[in-house]
């Protein structure tokens, strides 16, 4: 039997959409907890299809097929189709997104079991996935923008899921506004792209990039920067990163979904998808690399001192996303996508693991945990392995991809960025160790909490185990041998401009050296963490006192939120106030005067309205008479045109 | 110059034919009305264990003739302040459309006034025209019983036209023509339409009872409430025209429609050989149906006006609409055979007959419960 | 037979114009209503003369059988004072008549600029052609029209329906209790 | 049978239409105004049918519009009478000149 799997690509987002519609319409009245089953089954089907498409693309080699659903906009020269572009990049993304989302949906069945708003949750969650898949599959910037905005909307809805409490809806608003700033960049980029290239479809735009770059390098740079602004918003890079840690206020599966599979990867995907554009936008590329590296370091330092387990993970996500942008910036987009894929698995696992802990203890503060290892063995072991992957311990998934990024920074002539990357790796290893020790090792610090803790039900642990497989082996399967692994062969030519580098063998001595350096840095980080939190030598409290001001700075997240709240928002308020005054007095003033004139006129005309129907009818008939005279005049030739 | 029969000008021939036909039809209606009144009185009497008219003539056969003579001989009475022109015009307005209906009735293959291709539509049209006369009669009498009676009748007739026409349309869908002759010719075999669409027949029968103001829908003549409805102020031959002639004429018309559409019209043994024999079969079938009408009259009590209207709008119209939709869909789905239509119709008929009393019972229980509730609260309040 | 058509046409024209004038000029509203029905009937005759029997049948069914009766209902539910001519004239009557007459003249003149087509449709019923047109090219407008009718029906019912009395009905007399 | 020419029908139609217009303009009774409107609609029906039959329009297109006019007329009368009755309930008159609360 020979089924055209790729032709069915619209079912991949279609099934979650159907589930969302069914749950949205019938969830409240009838389905209640059955919504979870419906959504999970839908995502399961979607995942099966997504993986099938992935393998179909693998089997077919370098395909880039457009599956058009219908013409969306056709006005003059402007044509936009609702069409899916199936190529190795989108196939990889589809497979990762659907599989991870499926596991998160299954996990949510357990996690949200007792929530009264479960039908809402399982309406928005599949909708989120649908829009993310639309974004990934889009074959043009406009359709991508639809998914882009939709993902933003769904993140708003889901972060503010517990809207009865103030913190979630504040966080939701923050996420929404920060994303809007980024979306503005995306909009500018889209408009400029259309003005420059006359089309928004990828396969129309990218072949023209090289030519335009010759004549208008500045335009290309500007477009790239605009798109990158969008990416920083969605992917939580400096300076628009601060919504992501706050997004922790949503249910933990949402965090997992946002951090691992949807939302934040959108920015990386956009940059990876637009590689041909970024490749020729020299300065923009450097900006991407620097912002990525700085974000990675910056977020990692904040993560050092956080006590909320989800916040540590959130900052680690920001940091890892920084790595991905670093990879894009130094001309290694494949490494970025590779890291995106492995990160999806281990970060989803970390979040679900933390969700499992939170579900068991109803506590997010790591200072009150400890010793949970004995109570929650499955959660502990999977969390440990995922943490290892995050800390880039070989041979776990994170090692291969992160090492490749850091190595690429060095080989592509950015030793400073390489150093930043290695340093960040050290910090990452440290805070991962700290997190695991505080949560699972040592003596229980809150016995009440400890006594009530229990291992989560199978519906939650099974996804953990499955994700664990991915977190352990994804790097090995996709990325071995380094620089020439499966993912390289697969994405070569799609993401990079040409497949020229393929011919020469990678310099394995150099790679091994770099890898060894990174691993040593990671091990040092682990050793410090072990020393501080397991042996208490030096004692963490003493350390924090010793570096007092720095600790305060880190503890307060560099005061960025305060900066935003006070300086920037105040400036904005002043601007808005001025705008309001202009609007109220000048523009409204003109309108008011006009209205006054009209009302003057109206009070005169009021007498015409007698209220007597006959008068109205007579005026209608008089109008008819005039029409007849005019028409008759033309028809008989008395009046000439 | 074309020449008609007997060397006459065609125009003159047409006019002669017209006059003869009109005279024949009027005579037919008059006589059949007299006969039907006699029949009605006799059947009612037998069913009520009485004897009925028996003094005048053999078996009282001449009783109705005597009554008619009396009506004609009566003084033309008008109550004061009647609207004279309308009062006089109303019986004509009721009678004329009924008279015009006879033009298209197919009595026998050689005996059809006019086979127009919209025959059934024409009959429905004329059926709706009589309402006008009834409203006018009620109005012109300048009497509140007459007015209320006229308005009630008009409301009843207009309402029951809807299920009636919908039932006819169902039959037309099966036959595929509006022409009365074609409809008759399509049912030469023993399987006439009544076996194919029995539910449509049942619903049309009910609507026909209502449209001819027959019991249990004879509200206009609800003596206990309205004296004699729009007929209150009428007397003499005006009354005779409005009640006797029109009512029985209309009964004949609707029974003829039913005969044509469902019972095969003039078709019967021997018609193929001797066409004029069709009249016998047709008349027999029509009279059988009229006897059913009389049987119904002797059996069922009268409905209240609200029951009558809610039965029409809440039960009859939905049922006929459903029947029409089902028939139409099945006819499209199975263009070659009528068997599915027949099966569906029988099922629907059985469901209708079985479910109707059950639903009515439930509704009644519900209403009674609500009434009790209200009574309880009212007595508590007082 | 040559003269039958024109004679019929002349007769119907007289009846239609006379009936229409009667509707407008009659003092009593019931006369107006009846004359309107009469005009409609003659109009149906006009349709038959034009060869559209189906339209004629519908004309009678709808205008005479339904609309006139409905209007008579309206007449009978509202008080028609005998001072009908008090309701007749108003200040703008001459103006209205003048405007109507002025508008009518050029239109009637223009009417005579039309001519029959060279080849006329075959005589013998418009039923099939009409049905085919309604259920093929005009199927969608037909559906829209049915929706319009439905909404008109619902709207009319809502408009006329009285508010239910908020007072609970009085308790029926208790048969057990002696009066 | 000689055909009555098309202009004759159109002229009758126009005459009846303007009789209706005059009725709307001069009468004050709301029910009569409604009747006059019906006359106008009927006049247009005649024009439709006449054009449809005499201009050899394919497939009785004009007559189809007559069907729609029927629909509109029925709807108009139903709603119109409902409005008259509702207005009458508020103010016991059917004289449109007395229903002038909407005047400016």
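Letters A, B, C and D mark the chains as written, and numbering starts fresh at 1 in each.
Quick note on the criterion: contacts are C-beta pairs under 8 Å (C-beta built on N, C-alpha and C of every residue); 3 or more make two chains touch, one makes a residue touch a chain.
None of these values were measured; they are calculated from a predicted model.
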Remotest chain, subunit C as reference, centres from CA atoms: A
Whole-Å separation of chain centres (CA-atom averages), subunit A against subunit D: 64
Computed distance of Cα centres, subunit D from subunit B, in Å: 32
Separation of subunit C from subunit D, taking each centre as the mean of its C-alpha atoms, in whole Å: 7
Chain centre separation (subunit B, subunit C; CA means) in Å: 26
Where subunit C touches two or more other chains at once, by residue number: 1, 4, 54, 58, 66, 73, 90, 92, 95-96, 99-100, 103, 107, 113
For subunit B, residues that touch 2 or more chains besides their own: none
In subunit D, residues with contacts to at least two other chains: 21, 25-26, 28, 97
All pairs of touching chains, each written as two labels joined by a dash: A-C, A-D, B-C, C-D
Touch list for subunit A against partner subunit D, complex: 605-614, 617-618, 621, 624
Of subunit B, residues touching subunit C in the complex: 10-11, 83, 86, 89, 116-118, 121-122, 124-126, 128-129, 131-132, 135-136, 139, 147, 151, 154, 158, 161, 178, 374-375, 377-379, 381-382
In the complex, subunit D residues that touch subunit C: 1-23, 25-29, 31-32, 34-36, 38-39, 42, 45-46, 49-56, 59-61, 63-64, 66-68, 70-79, 81-86, 88, 92, 94-95, 97
List of subunit D residues in touch with subunit A within their complex: 21, 24-26, 28, 33, 96-97, 99-104
Subunit A residues touching subunit C - in the complex, by the definition given at the top: 614-615, 617-618, 621-622, 624-625, 628-629, 632, 635
